[in-house]
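Okay, so chain A shows up in both of these, paired with chain B first and chain C after.
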Partner chain A sequence: MPQKTFETRARELASAFAAKDYERCSHLLPPLKVTLSQLNILVPLLSSELELLAVARDILEIGALTAIFLRDDLLFSRYIAQLSPFYAMKDKIQPPSLNEKKLIALRLLLLLSKNDIAEFHTELETLEDEADKDIYIRYPVTLERWLMEGSYDKVWKATTQRSEVPTEEFAIFADVSVQTVQVMADELLVTISV
Partner chain B sequence: MATLTSATSLLALLDEPDQSLQVYALKNLNQLADEFWAEIADYVTKIEELYEDDKFPQSKLAALVASKVYYNLAEFDQSMHFALAAGDLFDLSLKTEYVETIVSKCIDSYIRSSQEAFDAPLKDQVEVAPDPNLVDVVERMFSRCIEEGEHKHAIGVALEARRLDTIEACINHAFQGGLTNGKIKSADNPLLSDGVNGVDDQAKKSEAAGAELINYVFEASMALVANKRWRDEVLLRMVELVERLHNPDYFTVAKILVHLNAADKAGQNILDLLTENTETSLLIAYQIAFDLVSSTSQEFLAKVVQMVEGSSTPGTSQALKILSGVPTLDVELTFLYDNNKTDLLILNKTKETLEARNSIFHNAVTFENAFLHAGTTADGFFRDNLEWLSRAMNWSKFSATAALGVIHKGNLSQGMNLLRPYLPGDSASQAGGSKYSQGGSLYALGLVFAGHGKDVLDFLRKYIREGSNSGGQEGEVVQHGAALGVGVAGMATCDDDIYEELKNILFSDSAVAGEAAGLAMGLVMLGSGSEKALEEMLQYAHETQHEKIIRGLAVGIALLMYGKEEAADALIDQLLDEQDPILRYGGIFTVALAYCGTGNNTAIKRLLHVAVSDVNDDVRRASVMSLGFILFRNPTAVPRMVELLSESYNPHVRYGAALALGISCAGTGLSEAIELLEPMLKDPTDFVRQGALISLAMIYIQQNEKTTPKVTSVRKTFAKIISEKHEDAMAKFGAALAQGIIDAGGRNVTISLENRQTGTLNMKAIVGVAVFLQFWYWFPLTCFLSLSFTPTAIIGVRSDLKIPEFSFFCNAKSSKFDYPPKTEEQTSKAPEKVATAVLSTTARAKARAKKSEKEKAEAEMEMEVDEKEPTAIEAEEEPSKMEVDGAEKEQEDEPAEDEEEDYDEEIAEDEIEDKQDIKGYKVQNMSRVLPAQLKYISFSRDERFTPVKKFRSSGGILVVRDSVGLRVKTPFIKTVRERNLPPEEQDEEDEALVPEPFDYETDTEL
Partner chain C sequence: MPAPETQEPKVDIKDEKMTDAETVQKPKSPEEITALVLNDIKQNFGFLDKAAVNFEPRFSMRVLRGLGNLRRRLTPDILVSTVDAAYPSPSHKSAALILKYLGKEASTMEIDESLSGSSTPVVLPEIDIYVLVLLQVYLLDQGDLVKLNSFNDEAITILRGYNRRTLDALAAKMWFYYAYGKELNKQVVELRPLLLAVLRTSTLRHDTETRAMLTTLLLRNYLHTQAISQAHQLVLKADFPESAATSVVARYLYYVGRIKAIQLDYSAANESLIGAIRKAPQTSYAAGFLQAAHKLKVIIELLMGDIPERSWFREPMYEKALSPYMDLVKAVRIGEVPQFSETIEKYGAVFKKDGTYMLILRLRQNVIKTGIRMMSLSYSKISLRDICIRLHLDSEESAEYIVAKAIRDGVIEATIDHEKGFMQSKEILDIYSTQEPNMAFHERIKFCISLHNESVKAMRYPMNQHRVELKNVEEAREREKELASEIQEGDMEDDDGDFDGL
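Up next, the complex of A and B:
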């Protein structure tokens, strides 16, 4: 019964994630994804069962968060890409995701840290209007605004001080963001001195 | 419902390290490729990587996805490449646009590569062999077509891809009872639907389907296969297939054999039929013999005769008689003689207008007269105008005498006697000894016996040999005539002795005689491609100083290569590179004749290139004209092609464009061609006007007002140009020729470069037109056009070669295919009208008579036609009344009488013509049936005489089956030859053939 083992393994994954044992998660995830593909719910298709989709989504979300803790950008991007169709049809999948906004905000932050401003704004445009009221999403949006203004001190503060960061996942990007800020500041100095 | 809005999630999976996830992604992408190709396109390199990865389990799937993406990106070559790599995952049975596009792409490239492989020399064949994957796809396509009964599709591709095995497989499958599209068609055929029900019927049907496929292959390979070697291969195999049938279609076989020029096989066929010796087989043999006579060369016929001679079955003598060609000519001559509708008034008017002292005008009238009466034996014009005739000097005299030959063309029985007064030799003293008329008469003799020269060749050759003795300029003229005569009479005999004698004249290096000799050498060796002749002629062309001789040789060389297609390429290349423009001119004609009627693209390109790049006007003119020869099977393509050339700044190119239209569209009345030609009538250059006039006449030949309304105004233009004082002589000459051509042969012939019976090239006609075009340099060659005149008639001939009187049905309005009205009516009618108009009583009586006749006719009609719309007839009394008028018009020989009554109704008639139910009318045996009319003709099975060959809209001579038997008397139409025989001989001949008293027939003679 693949269904049975799948459910136990899903629970196993959830508990490992809750225990912050990310190494174990990364071992549990790939076979689970294969099982998802066999159950035809890795990608929400016409033929997929709606109830199972929520489970699949949760697993992928855990995968995405795990990727962050393991500092694997590419893996994280892939998970986000795989999650996107689930989010696109979120009104059909019950219960709604708790992590959606957080993951989107993280993706925005990742783009920002890579200085991929164009993609950042494209992504932002696809969000709904009330999105920037969300606490998670507001974080990368304000960061971007400060960066554009050149208020590097504010950026510095927002990324280095733990209290300013919404959750611990965001902190992980901090180092990267700091580097970005330094590079931008250097560039600015060079332009001014010339 | 869950639907995807983006493929990103799937694409992300491609980067997964786990292969099963990648496979999963590919599987889904494969489904969604047509929707999300734009997104997938960014990842196509990744997909290609997967395809190339040896360890990846589903590389074919990756290839398929890549193929779909490339298809959507319109990169079809790439797409095909990956589709082929996908192998069996690429499902041919899907009816999506993608599959169809790629399959057709595959087939295209397969055809290309297999054609290359076919053309490549044997040792290279492995290198150019098509990709095995490609072969696989095409094979799968073939087997699917065959399974589904779409044989024609498969055959079409196989023909192009040079796959004989597939063609054969298709035909075999059809014979085994496979479904075909053809089956539906053949079910309509009355002959087949009559078949007995059950198994027998089924077998018959599948056999018919197979036979139809063979016919299809035959037609397709004729029309579409450009490569001669391949075409011959296919045709040969088709013959083998047909021969294996229980009940082979001998006519198809004969047709194919004519194409293959396989005389021995054709002879064997006739022999087999004769040996079978049933009534039907004999009739078929006779019909084939007639077809062969009308469509093959003398050499071919000679071979067939040789084979048949050995047989001793009852039908042999009759078959040999037909093969001698004499009956064909007799019958055709009789048709032209009996139905001669020449309008002498036009000719007389032209004669009066054009000053005879001027030799170009004298020539013009001579040729007009010759064309008008071609083959009708009506030489009355010459007899009535002896004084005018005597004004002919020198070469005009030559032409005038030669014209006599055109008029008596095909009059084998009397040709010699008629020309005797002019011929040199024993009667030299009485002929006034003019060498010109002597030469002309020899030429005329050749024209009379054109293509049937057995009887006169020896006579003509005497003068070729002797001419050199008499010496001097006068001897040359006789030799010139004799050489032309031998060339025409001995056309395509490939007789080496004649060739050698002609060569002797050539080597005497006399300009006049040499020109004719060069031309005649080409005519005698027509289409032989003889290496020896080619070499000798080319060499002499380089040596001699006389332009006339070079020109004669150049055209002669072109004639040698007639119908040789690719085999002539080397020679063409050589000739087109010559320094001498005259030889390049010959090279162009070689292209025209070698690729005649093929529509070959390479040839067309070459001609178009020369037409705009050569430095010499003659060469350019010739190359534009030659387009007409290559494309005459597809006349509608020509107007578009020469449209720009017809507006060229160079008058020679314009002239060429005009004639290209004339040649290719001859007899069609094609309006697009006319639209291009009409402005050329006002061209500033005189000879362009001439060309346009001649071409218009060629296109409008046999057209009347109903078929092409403009024809009347064009006729008026001809007359106007002739009568106009300030018009140039060249244009007047052209107008006179045009008047001759448009009403040629007593309005009973057309110019047709293709044989209607067999669909083969009409060699005589093509050569006739090609040499006619040389009239630009030498007027006497104008007479050659008469070779291309084909009588348009349906002539039923019984097995004893008699022409019974019977009729068949034409399902069209009689006025549609009527002869155009004579001009006499208009000129002489005005006073007459006043005299008759007052007689009201007569008009009333006439109306009464007409009414009763109408009723009679209506009653007849109702019997004949199964009443489709009886109410319509009653409701519209007017039209049906007019219908009767039309019928009357046909029967009575005095249309003038009707004209008055028709006058008011004419407009109304036109209006309702379309709505009206066409009733049709009966046509007598041996009367004019226009090519366009043929499709309306049908034979009633209740008639005593029915054609033995299934009637497929081809006119000419049809052997008819006599359902009652030869012994029951029936009225006959006598041939001209019979009429001319002295009475005692008539009896003798008659007894030899049929044992019934001849005097009966004399009583009923028409």
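Up next, the complex of A and C:
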């Protein structure tokens, strides 16, 4: 009975994540993903069972968030790539995801901190209406705007002061972009003073 | 997404007015018009026949060019008569299908059936498909989407039964209306696997027209759902056939321009869009497409730091459609941030509908840069505080960083004095001592050369013409030989004559 053990293990993962035991999560995740692919729901199809898809999505979301706390960018990007087909058919999967916007915003922030602006805008284009409304997505979007026009002082404030950062996951990536900004600002001052 | 097709109704209205004016001048009875249209369609059958027999795609292209004109004059009666003329019997598969969708029973043509009942002549596939396309267009104009959709499905099944290269141009057209019908029925994502499969088939069959059409349809499909990275992958991996019909090339270039613009590759995007605008037919039929292309081009030029030419905005075809963009250009040109925000707020809905909203939001930094440039040109020395007030920035610190970035990006030539808090502009250089003229010449020469290459490629050589020429050459050689021998003989005579003279 792989189904039953799968569900209990999924619950175990959720409780480990809620207890912020990320190490344990990272151990629980790989075998769960194997089960997901055995159940044929790692990649959502129109023929898949919709209830199971919601479970699969939640597992992958926990995986993505765990990757952030473990500061593993590559792992995070992989989870996001696996999640994107789930988000593409979000009208069908119930209940709707609570973490979707947050994860997309985090991905945007990651792209920004790597200075991959082209990919950043490609991703942003898919969100047309939500860019200014959603609290999570607005954060990377305004950061990008300030970076591009050169208001580094505002970027500095938004990334270093904890009150300006939406959630703690953001703070982890924001640390990276702080370093980027610092490098940029230093370069700037060097070029000008020369 | 600004679809070239979505604006078609507008154009149609204009055209209808034009035809109204014509009918006032020389009134015609409906019967006469019907006869004229039928005559046109029958003439087209002749062209299609020629195209199939001589293997000359030019004739099919010509027939398709007339489609836009024909489209407005189609009526159910005309279509019934067309079916009558095209198919030997109304029990033919396509004929029965068309009559079913027209809501007419085959009762009027029972006599015909009895006449041609004994022999079953084959209908030319080109004519078959052409009539099916006519009905597609008719159903589309009727706005009956459900009917159109189910008819499309059946028509496409008939099309996929054929495999003839003389059919390519017509097949491409049919795919276009098929995909457009699906889009109107909001079945965009479901359509993808089929389009990809057909793209593969057409590539294997060297079916240039269908291949080009399907590549553009897929791009449109991807962009419709904002799947930009997939669209980009398609552009990278699928070769677009250069020899496709120019209107398809124009559409393809437009979509490529869009993708490049989103990915911040503005100069490549601009190049694509210039190509799209130049290759699109410059008639009122293509007004929707040209307007959409111009809108995007305006934004891209602004993003590159150029100011679009004002004359474009005055053209009657664009004046109304481009007026929000005109205001935007004004705001960017002056470098006023509040005016820019105001314009965005005012026309936000329009820009969102055109799919340019996200691109326009990127312009903010350009507005600020322009503002700084204006200031550096007008003042040799200005305090950061004044800059801050002029550009409506939040703090002097911001102003300093922004000016510093502008200097590093090469927008202005200036230095900052941090201690005293001012910006000192450098003397304006003589532009002819820089690389600028060089670059401008390079651009122009590149354009001329590619134009030359394209015109060479576009030359057409009629099939088997060289044999006729070979024959001519043979004849000429014969004549030359004769001439040579005659001259020789003559020479000898002349020589004799000379000797005589001596």
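By our rule, the second predicted complex is superposed on the first by the 186 of 194 C-alpha atoms of A that agree within 3 Å, B and C clash if a C-alpha of one lies under 4 Å from a C-alpha of the other, contacts with A are read in each partner's own complex, and residues count from 1 in each chain.
We adopt the following convention: a contact is a pair of C-beta atoms (placed from the backbone, for glycine too) under 8 Å apart; a residue touches a chain by one contact, two chains touch by 3 or more.
Remember, predicted model here, so these are calculated numbers, not experimental data.
Once chain A of one complex is fitted onto chain A of the other, the partner contacts of A:L98 are absent, as it touches neither chain B nor chain C.
In the superposition on chain A, A:L42 contacts chain B only, with no contact to chain C. By the touch criterion defined above, A:T126 lies against chain C but remains apart from chain B after alignment on the C-alpha atoms of chain A. When the shared chain is aligned, no partner comes close enough to touch A:A18: not chain B, not chain C. Legend: residue contacts after superposition of the two complexes on their common chain; A:R145 is shown touching chain C, with no touch to chain B.
Taken together, the two structures place no residue of chain A in contact with chain B in one case and with chain C in the other. Touching chain B in their complex are the following residues of chain A: 30, 33-34, 37, 42-46, 48, 50, 53, 74, 77-79, 81-85, 88-89, 92. Considering their complex, residues 1-6, 8-13, 15-18, 20-21, 24, 28 of chain B touch chain A.
On the side of chain A, the complex with chain C involves touching residues 117-118, 121-122, 124-126, 128-129, 131, 145, 148-154, 185, 187-189, 191-192. The touching residues of chain C, when paired with chain A in their complex, are 226-229, 232, 262-265, 352, 357-358, 361-362, 364-365, 368, 393-395, 397-398, 401-408, 415-416.
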